[in-house]
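Below are two complexes that have subunit A in common, paired first with subunit B and then with subunit C.
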Partner chain A sequence: MLDAQSYFDRISGDLSGDIAARASALAAAEAVGLPTRRQEAWHYTDVARLLGKPTDDTIEGVDFAALNPLMAVFDNGRLEAAPNAQGLTVSPFQHDGATANNAVLNYNAALAQDGLVAELSGALAQPLVVTTQGDESVHLHHKIILAPDAKAVLVDNHMSQGYTNARFDIALGAGAELTLIRVQQAGHQIGTSQIKLSENAQVKTIALVTGGALARHEANVEFTARGGHAELHSAVLGRGENHADFTYVIDHKAAETTSNTSAYNVLDAASRGVFQGKVIVRKDAQHVDAQMQTRAMMLSEGAEMDAKPELEIYADDVACAHGSAIGELDRDALFFLRSRGLDEGSARYLLVAGFIEQVLSHIDDEAMADTLRALIAQKISAQFSVEGAA
Partner chain B sequence: MSALLNIDNLHAGIDGKPILNGLSLSIRPGEVHAIMGPNGSGKSTLSYVLSGKDGYEVSGGDMMFEGQSLADMAPEERAIAGLFLAFQYPLEIPGVTNMTFLKTSLNAILRGRGEDEMDAASFLRLAREKSRALGMNDEMLKRQLNVGFSGGEKKRNEILQMVMLEPKLAILDETDSGLDIDALKTVAEGVNALRAPDRGMLVITHYQRLLDFIKPDVVHVMAAGRIVKSGGAELALELEKSGYAEYVGETVNA
Partner chain C sequence: MSEAKASIDKDTVDQVAKFGGEHYKYGFTTEIDVDKIPNGLSEDIVRFISAKKEEPQWLLDWRLDAYERWKTMDEPDWAHVDYPKINYQDLCYYAAPKSMEAGPKSLDEVDPQLLETYSKLGIPLQEQEVLAGVKKIAVDAVFDSVSVGTTFREELAKDGVIFCSFSEAVQEHPELVKKYLGSVVPKSDNYFAALNSAVFSDGSFCYIPPGVKCPMELSTYFRINEANTGQFERTLVIADKGAYVSYLEGCTAPMRDENQLHAAVVELVALEDAEIKYSTVQNWYPGDENGKGGIYNFVTKRGDCREARARISWTQVETGSAVTWKYPSCILRGDDSVGEFYSIAISNNMQQVDSGTKMLHLGKNTSSRIISKGISAGRSSNAYRGQVNVHPKAAGARNFTQCDSLLIGDKCAAHTVPYIEAKNLSAVLEHEATTSKISDDQLFFCQQRGLDPEEAVALIVNGFCRDVLQHLPMEFAVEAQKLVGISLEGSVG
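On to the complex of A and B.
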């Protein structure tokens, strides 16, 4: 989005909502521009440089069909057809004109042409797959609300080759449970998720990035009442000059809330992985348990991993920890597998697949997990010149 | 009968440091040989050199396995040829189940030998049967390979791999270390069940205890990278009484 103003002028006739509010959001965004490395949260991700890089990653169709999903396909920024199921209410997208103190969100507020606005209640029997495809620059603003005790699996299936600024606002009612699976295979994406949890709500996000010149996945998790649980797990398979950045702020505003974060990066060639995780435990939020783990397997000397865990704790009775392990492919493990008859390629494949499996194993639905395993198997074979093993 | 494994005047080391200094050893099919020796005598190095671990350099001598030189073979080629090493420190492989690993390994070896791969049902039946015989429950097959296993469970798991792969020559590197007496018996039973006229075994151990359960045909004493004495099973008992001091002294002066 290098010339946002002219883009805005061109599309403003098609944009819904209050155009004046959008214009002021754009002005606020343009006043500061896209983030630069001078901002702490963007220190490792140089947006302007990465947006200038082409992306040549292939996009595989993930075979969700076998799971009989509800589909919401955004083709070049427009929802093709609203999904329809019991317990799912989809409303037309309406721009709300809100602006924030954040250029990425302000560009989104100014330019978002569409988004899934959905309210879920009860246990949704089918997974809801939101697919973003096309090659144009798009801004999407999704709003997902889970009613109390609702249960759902949501997939953010990013298949776009273009630039995407995607915002997810997710609110979980008391006792609601959401599994959010995200897949990015290519393109340039800056994604921002705001996830709010009410009492005893549970969210689990599993993000797989297998390509893309820019994959920035930012999540801000906020516990507003006691008993909530959040898990954020990510797996990155980096090739070429892929850049994958997971940046989280997990704000434990309420007591007896727990979070568990893990980041697994396999980085080849000149790819780069970034993990920034900040856990905040507020003053009265006692009995919080927050765990954070970063693991990276470096397959090339040209690859880079930046891990920055942060704990900001104001309560005194909490259990918080973070750990980081960055290393090469384990040569002893490689020898062990070869001594059991596996050729070097199959041994490497098994070690990489096993590494990523530690993220996939968090998916409760086995059919869903197998669908994603198939994608990962295909990507590992294609990206790291290793043979698939049975 | 020709030797299964014939090691002749083997010199090998790591990082330019010589460890094996003219080691010779010959194992015929059906024989169980034990190698005993003090720490640092090169016992584990011998197991790694035989199985082809990276970083070990052979600077002289021969190691012939069924008439084929091992030196030029990749670790997987040696496994396919029928060599098996039970590791002293079994590796943990997170994210890979024991079952997936065993199946991948067995099928890689079958494929390498030009045989048909085993179908899922036959494999499952075989794996269950063999693991139960070693006192392992089915749950252990579903767990990640050696992750969270106790020392004894890891060693049992090595023996499970051995009985699944049915090697021609099994090298057991300090398989007794970290085992209590019950686990030791179970492991020894697993090993003894594999004794066969066409199979050889090389049991590396620091202590005589394991040899109470796995009776060797030949016992070798290794010191400073060479075999310094060979004898029958009684040699192990002698060592248990007198220790290694005699041999260590001899090789230092040699």
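On to the complex of A and C.
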């Protein structure tokens, strides 16, 4: 991604939409370039350095097939076949060259090759799995709209070894409910999700990062009407020099909205976890309840955790809190398990799995939760060279 | 004790109840002849201040270097505060009472009008007037750009304690000043510290020799009197091996429609086994209810636990200033050293506060504790900004942070911005933060027990601050409790 201009010139013949608008978005992006650590939101994530790092994480096939999902596979940036089901309307990708004061989104506006444009209504019986695979640099722009009272489970299954700049625009109609599950196992990804909630809408995201030289997951949640509820949970299993960054802005623009955020990081070797969460409660957005929890388990010298849970409050009748705890594996717990006859590896396995389980337990669909548990078990076992006790 | 407590509570209640009463009782001006230099900042001004103080060449060079660096720096804009751009060429950097020209040798020779100012402020500058049963407090009184006098110097000297104005320290103890000045806050540390390093005019200096427990509380009282003048003082406190000192700092200014700049630097150095307890009651003029006037309080305070088992504790009660930008910090360099930060920051009307701390864990088994209580009322904005950083070599580092914000009214704002950075496996860092209003249940409960609404609010707010108030020296705690009440005047009920 180092020379965006020549890359743009090379692929522009295949890009849809207004090429002039794309070119101006590119110019806006190039004028500032990729974010640097001098920008507050990127203080802990040095994009240029991380993009230069190779990624050697293995990608395990997650067995979503058993869940009989609707599949939308993006192979090197192109949708293979549009999924088809009752209550799901997929439209052809349409580019819009909107530019904002954000280089990441401008690069996306300039270079987005494809994306899933879907409208969901009613209760979608099957999970919709969006898989990103391949090893090329890709820019994707997905637009997902949930009609009022729609219910769906969406999976963002990131299996690419390349560089991905993915944007998700998600709008939830009144009373709609969305569970968004994201998995990143490898590669370099800068992902931006814009999630808008109408009255009484509910969104729950569960993100698992088990690898990747750069995993930046940014989510901007906006409550536009009362009664909305958002949950954002993330788990990181960091090994090698993995870098996982969860950056949220949760903007309570409406009264009587609630949010609950948790981040669980297990950091081994020289991996680094970053959590930046900002809760904004706007003036007159009374009766907001916003909770935020960050936990990190440090397993090795050289690992690093940086947390910045922010509150920005302009209304008084609110209950907002955040908590953060960083420490190593609990020696007492380890001793307890060893005293019960478990070997060191199994004991560590159990403690780490139990830690991550606090995120997995937020998944309502048991079959889905088990599928992800299997992936986590595999990853932890590989990391600690022990057999899973599950 | 419980009687004392009852009277403290009563005082607070009285103060809170006194709506529409006197808002800022320190807002008077002392009419006095002053020696004031023309407005503006240049190399010549820096040279002038240095010459006025008859400073050695090395210190002038140090100032000039700071000035050169300051010129290349930008004013920080990351804080959650908003104020019109300061014209640094439109400020006066040195103002001193004319009567100080003569160089009074003792307090008896100081202009009585100056002494009266301090007695009006409730600061005792007469050594003999110490009442039986009241602990002695030595005071260094700074008036605009000069120190007017330091009490109990001889008595302190018996124990080898040096306590004097900064200017005197430069003349009498140049080796200590040279060794420690800028060793905690380098001259180019930040924009305001660089400005201070170039133009600082006076301040307090304190050195506690090895093994000495300072026999009395030391304090500095800062008073800005002259209009359109900035105050740039520098405080340097050194506790040698095994020494202990408790240091208090207070500040006030007249009520004026213009904004005045206060850019101070405080450096603390604690050597092996030494302990410094630094308490501040900051009550600069906060401006009126529409945000007109008030002090811009842009202060750099930092303590260095330079050697093993050193301990530095910051306690602050921030009630004044139009804009506060202040982060008393600890560098925990020595193994097993301890840093503490206890803060109450109250903002009312249009005040803006961006305050917090930094705990930098460098040594092994270092620990730190942060308790911050922010109270916003009126249309004010109150932000806690803090950093806890554990260096890769700081094995066994431990931090506990609690920052709570209380909102009174629906037009104020409260923010919490903690940076938690762990680079060591064995670090244990805990952080908790909450934001809420005074609970209706608590108010109801108190009223149901017969308290009127004002009493109930005072009780709840004082309870909210309790964890911090109890870390203040007794004399200060009483004053601080009253201040909590006064600062919230007109915001409840």
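We adopt the following convention: the second predicted complex is superposed on the first by the 388 of 390 C-alpha atoms of A that agree within 3 Å, B and C clash if a C-alpha of one lies under 4 Å from a C-alpha of the other, contacts with A are read in each partner's own complex, and residues count from 1 in each chain.
One rule holds in what follows: a residue touches a chain if its C-beta (ideal position, glycine included) is under 8 Å from a C-beta of that chain, and two chains touch if they have at least 3 such contacts.
None of the values given here were measured: they were computed from a predicted structure.
For the composite obtained by overlaying on subunit A, subunit B and subunit C can both be accommodated side by side without a clash.
Touch criterion met: A:336 reaches subunit B, while subunit C stays clear of it.
Applying the stated contact rule after C-alpha superposition, one finds that A:354 touches subunit B and leaves subunit C untouched.
Shared-chain residue A:284: touches subunit C; no touch with subunit B.
Taking subunit B and subunit C in turn and counting the residues of subunit A each one touches, the greater count comes from C. Shared-chain residue A:346: touches subunit B; no touch with subunit C.
Shared-chain residue A:300: touches subunit C; no touch with subunit B.
In the superposed model, A:9 lies in contact with neither subunit B nor subunit C. Closest approach of subunit B to subunit C, taken over C-alpha atoms in the A-based superposition, is 16 Å.
In the superposition on chain A, none of the residues of subunit A is touched both by subunit B in one structure and by subunit C in the other. The touching residues of subunit B, when paired with subunit A in their complex, are 51-54, 74-76, 78-80, 84-85, 87, 90-91, 93-96, 100-101, 103-109, 112, 117, 144, 161, 165.
Residues 40, 283-284, 286, 294, 296, 298-328 of subunit A are the ones touching subunit C in the complex. Residue ranges on subunit A touching subunit B, taken from their complex, read 330-333, 335-344, 346, 350-351, 353-358, 361, 389-390.
Within the complex formed with subunit A, the residues of subunit C that make contact are 78, 392, 405, 407-437.
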